[in-house]
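Have a look at these structures, which come just after this line.
Shared between the two complexes below is chain A, which pairs with chain B and chain C, respectively.
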Partner chain A sequence: MENNENKCENGQKEQDHQIDYRRDREWLEKPKHIFILSEAGKPIYTFHGSEDKLASLFGVMQALVSFVQQNDDGITAIFAEGYKIVFLVRNSLILVATSRTNCSTHQMQTQLSYLYNQILSTLTYSRVNRSFEKRKNFDLRILLSGSERIIDNFLVHDNSVRKVTNDVFSNLTNSISIMKIPITDRNNIVSSIQSSCSKIKDLIFAILLAKNQLISLVRLKNQTLHPVDLKLIFNLIDCSESFKSTESWVPICLPKFDMNGFMYAYITYLSEDCEACLILMSSDCEAFSVLKEAKSKITDKLRRNNCFNAINQEIFSNGYNLDALNIPEMVHFVYKPKGIYQIICSEIKPPYTSVSEFKKLEGIYFDLYRKIHKPHAPLKLIYEVRESEAALAWVTTTHELYAVFQPTVEKNDVIMLVDKLFKAIAKDNDNLFIKNHPYF
Partner chain B sequence: MATRKKSLLKVIILGDSSVGKTSLMNQYVNKRFSTQYKATIGADFLTKEVVVDDRVVTMQIWDTAGQERFQSLGVAFYRGADCCVLVYDVTAPNSFKNLDSWRDEFLIQAGPRDPEHFPFVVLGNKVDLENRQVSTRRAQQWAQSKNDIPYYETSAKEGRNVEQAFQTIAKNALAQEAEVELYNEFPDKIRVQSDGNRNGNSDNCQC
Partner chain C sequence: MSTNRKELSLKSFFIFNSTFSVSEDDTENKRLFYFSGVETPEFKQLNDLGLVEAIINFVGPFVGEEKCQALHTQKTKQFFYTPEKDYWMVLILNLPNEVTSKDGAQVSDYKVEEVNDEVYRHFLKQSYRMFRFFQGTFECNLKGKSKDDQRTNLSNVLKEYFSSYLESLKLPSFNFLTILQSVQYFPLQKDLFLRLHNFIKMVKSTFTSIDFCTYFFNDHLVWSEIASEDLLCLNEYLTTTLFPKAIKAEISSGAVDRNYLVDCDRYGGYLAGKSSSENTIDPPVLYLHEKNGGLKMFSMIVYRTMNGTFCLFVDVKKDLPNDFYTELQSYMAQQLAKISSDIGSFYLKSSPKTPTSNSDLETPRYLFINDLTQQHRGTLNKQSEIPLNISNTIAELFDDSNSDKYHEVMVKSTNDYWVVKKSSNHRQLVVVIHSNKATLIDISNDVNRLFTQEVKNNVFFEQ
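Let's turn to the complex of A and B:
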């Protein structure tokens, strides 16, 4: 991994020698903090600031956790005025999130659990375990160094600090975005991969993605890829520009697949005229050259079958367009079919194209999601008329929909507009979602 | 390889109630002393950056409560410590006698890998007071008998020897921090089961 002394995503990490964070307004007022520490109370990671300067605070967190553990109990969350502090204890690690936003405890725990999996993905469960078994005072940062930016990257997306992208909604719904591609083209892509890979021993998954959206997943017979594992792969690709210029051979642990071992991923972009990323994952650490060969076959076939065009068309498009569907009163939506972890979002259009307005949209969806999925008291339908938009959340036996409308929309029209959208999606269903990931 | 982070040392301060643990820490970190006694509840945490042999090290100091009723918290606090500082009051013979049980308690609760060589430092505090009851010789003998624990006589009030004592604490703790064997492990080979994978950490759903 490259030298990464200064975590550029958060800027100020290394220039803060003199700062006492407990008195630093800017630090204190961050909407969200994430801390990871060992069971001994030693710092491993902080999203904002430097761990060393916060060593005392990490001690306090360990004390809180262990104080409750004394009574064979576990701490889940602390609610203070305007704050929520959520804890997750896993395998010698303590993960803590604080939030001033309207995230639910469950959502925050999901995020923490993802970060835990991110650490396993870099080190494997057994490595983390063995390190702490040998020495309780082990400093896990030694093994993680260089990988912090992968965690940073997830957190930036998870709560889009500065980016305006639909990626945040796939995290919200624990799903993967699927790239919209005509089914005939997608079938062509799949068969190009299948015919180039069918005889390769130990090849387990072949993944093609672009713009944080899945184009295709081909797998070894009877093997499944958990959405959490796939998301870890997405995040890795997203935060490493270097994959664009070289081919890489990267050990990755997929915790839901096997949390104790590494898969070996051959990662490369298809070509200069088609910037989709191909990931071939093998259980054999010596498979590099075989997979490299397969990649060039895949690329040739995709080019010959005109698949580059189909992919490029979507890469350069802004996404699912509501005006083209003749539903201009609907400003944005997130649609998730029941039973699969896939979503489709519409193109982000004004006013939500600015960071501040987009944050508002994000807030609305987080709020709706929290309310409609309230544990023990889930709802089916929420319709709210707000100051500058009307918002809808609707969960049925077949799908979930979150949408915002222009404030002037009539309540009666909303049903009609949603109906129109559902019909359009139904018609396009085969191109929007992947029903079954094929085998090699 | 990526740049190595600074070392971080977890230092636990133990000793009877009111021997001056918090005062020592305050003198060391904040260069302040107060004659007012405030019992520590549970534990206090302070951070201090020190330079040892040209290396910058962060000390995470756990100042624990000496009072009996907080002892149940021991295990939780002692776990993963890099150094343990035992403090007694030179004017209070009982606090000196109790060093044995503090040390034993720590070793049992923390369960360090190599208890024989775990870095302790002993501090005889309040040497600025006139009614001294425990002689230097007696304390030194005790420290020597426990595998040569370094011994310092300190005054948190006057700041005497505090800096030196903590420097030794950091140095000895750091010496213990053996280089981690980074590359001697081969990762487990991944297990692929024909009927789907079951070695993951949860449910078996797919995208």
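Let's turn to the complex of A and C:
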């Protein structure tokens, strides 16, 4: 893990020099920081550096929060020129994010709230509470050890720290990316899972995903999986290389489903020739062997029905191709139908394939999203032309579209190109999105 | 279920300098001025101040203390500004709030988004500039022998100036115009422009003690020789204080109903100067910027005739002869009246027609802004009844703009207002159109038409 290595380096450096964070320019100038601490001011997590070296900083943050609380109020954000600091206080925990980018405070709060859920998914709400009830200055790191990498991984993806990936946009829009699969193949996948799992007691969800994209979700009747919970699962899979080599049995709390209880996830990749990950979630902690058996049935059926090919084709593809649709003036887009938390993005093309240019693209979308969803002054449409690109955000009753065009594009053509894209998406709708997650 | 709404209000406004306190025992020395409209216990004042100090200290290492701008809490927005080293001005606003009572329980909903940060940060900045315009810098008010005397003197000056400034403050009246930081400009035809130019040259060569002049028609700027930053303050002073007084006097004397030209001698007169009229005040002393950035004191003489206002600035160190005011008036009254009257006729012909009905926003409202001269013109003004969400949207569009590079943005709100902003080469154009039928192309065509017409019709873009 690139980021982990980086973190170790930082930690090592600080130990060597024992320097005050206020003098560590490199650390101070990081584009973003995340701090998590207890209400008593005990450090729990920092994205960069090591918590112990930052004890005084954690103390200041705790003091600010409690000072404002004394006036029966709550601190939400601090603004400086080109800099933002956002606070979130939840259930004995204080979460703080700083940013030099133009994402909104609302987006930063959503991110912090995700991190809070990430902690719950490891510990559950009641366990966090119990720990602090017993001892106010309890060191939560004792219970969290090992799961910092999961938080690191989410943060690396949430913002293009050094990766060029459309995952950033599913976080921005609070959505899940869906893998494009022909509907007949997706139906085959679903029925393979249904027929192999229908008789298993206490099985609640069966999830198949690849490349951080959902292939299918099958659920117990009347149970729903919140996008936040699904994202926690995505993140867990994404940061754990070990799942690829061995099947795993992992207790996990899905806070939106049940914040006080654990579920048990059987996690395994389908096979060497199809790198999709299957997650079977049960409320029974003894279900391992039953689920293992179900997995091998599912794998057999998928192979027999030729579903491996369908999945592999997408795993090796670069995503939705605008040139193939004959819309070359559009450089990139993010499309989200209303009412479902799903998006599709187009393939990332030059110039946005380099990290520095991709950061710009990300900045454009962050900006458009913040403006069009402003709580007091929401907008329907934004069209913006700059020297290097034209950008569009459009929210209607049926969908949201964010798109970037070549700067030379004419306004007349923009309307036509968008229309063309909408028609193409409508035609492919069944393959691009999942309208209803089926039951077992 | 019932809902009770509390509007935006001023919680407190204070000015402090932490270096004035040397130990734990004299922390109150930091506080130079504190205003909240109600009696506030000292410990509470120092608590408010302490929180701001803590925020600044916390943010400082990451970006530099001077860049610290605001703190948001669930119930307030607090704005910080450091105009001079170690001096901090703080404005704390209570957010608008809707309290809903349902089954005996009360739920408060604080309207964070209704209060645009940019607007109030600019307000805070402008309130400092106004102070400096009349009183000079904070630093130059540290008069006295001992440190204590100096601090007390500054404190007294701040109290005298800001108490009345804040008491007359009407908060919700700020909108995107606050952040424009430019003066409404009225461009003249070439021959009129030259006549005014020659007139001013003659006045200055005849009365050599006069350093600079500005000329306004109605509340539009026509001519200025002072720094644009000072012009903003002058404009605020004239439009909020001097003009309303003059207009009231003109109405009560019946001048507005008569033929101006015939009565020009009678109705022209000093608003600030020496005269027997009760409507005349002593020339105020103002601090203007010199070319090297320093401040220098000038007295301002203001003469008004036929809706034209002529301001003349004289270095306070110069002694004016006793007959200066009568000589000046007899020299310029007739000529100035004639020029003002001709400018008036041109104004009626060429000024942008403000749509008669305010609800009629289907006629585009627009504003041209020249960032280099900090001047603007157009039909989008204080009288335009633009919904708060649109005013805030416009403010936001100005927020992140760098008018140097080409940038065009068109947005459509959920209540069917289109706002378009184009900028390049330090010029900006903002257009607001209310239409539920128009398409992106229609609006774009409207804006282009307006743009071509304005550029063709006036010299604004040549300046």
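Keep in mind that, in the parts below, the second predicted complex is superposed on the first by the 422 of 440 C-alpha atoms of A that agree within 3 Å, B and C clash if a C-alpha of one lies under 4 Å from a C-alpha of the other, contacts with A are read in each partner's own complex, and residues count from 1 in each chain.
Quick note on the criterion: a residue touches a chain if its C-beta (ideal position, glycine included) is under 8 Å from a C-beta of that chain, and two chains touch if they have at least 3 such contacts.
Predicted, not measured: the structure shown is a model, and the values here were computed from it.
Of the two partner chains placed around the shared chain by superposition, chain C is the only one that A:R386 touches, whereas chain B remains out of contact.
Of the two partner chains placed around the shared chain by superposition, chain B is the only one that A:T124 touches, whereas chain C remains out of contact. Once the two complexes are overlaid on the shared chain, A:E241 sits clear of chain B and of chain C alike.
In the superposed model, A:P255 lies in contact with chain B only, and not with chain C.
When both complexes are overlaid on chain A, the residue A:D273 reaches neither chain B nor chain C. In the superposed model, more residues of chain A are touched by B than by the other of chain B and chain C.
Contact with chain B, but none with chain C, is seen for A:S283 once the two complexes are overlaid on the shared chain. Of the two partner chains, chain B and chain C are each touched by A:V60. With the contact threshold set out at the top, residues 60, 63, 67 of chain A are in contact with chain B in one structure and with chain C in the other. Per the touch definition, chain A reaches chain C in the complex via residues 21-22, 28, 60-61, 63-64, 67-68, 73-83, 85, 98, 102, 105, 367, 371, 374-387, 411-412, 414-415.
By the touch criterion stated above, chain C contacts chain A in their complex at residues 51, 54-55, 57-59, 61-64, 67-76, 111-114, 117, 388-390, 392-393, 396, 400, 405-414, 439-441, 444. By the touch criterion given at the top, residues 1-5, 38-43, 51-60, 62-63, 66-67, 69-70, 117, 120, 124-127, 130-131, 134-139, 141-143, 145-146, 175-176, 204, 214, 217, 220, 222-227, 230, 251, 254-263, 283, 340-342, 437 of chain A touch chain B in their complex.
Of all residues in chain B, those touching chain A in their complex are 1-8, 10, 42-43, 45-47, 49, 58-60, 62, 72-73, 75-77, 79-82, 110-113, 180, 182, 185, 187-192, 194-197, 199-207.
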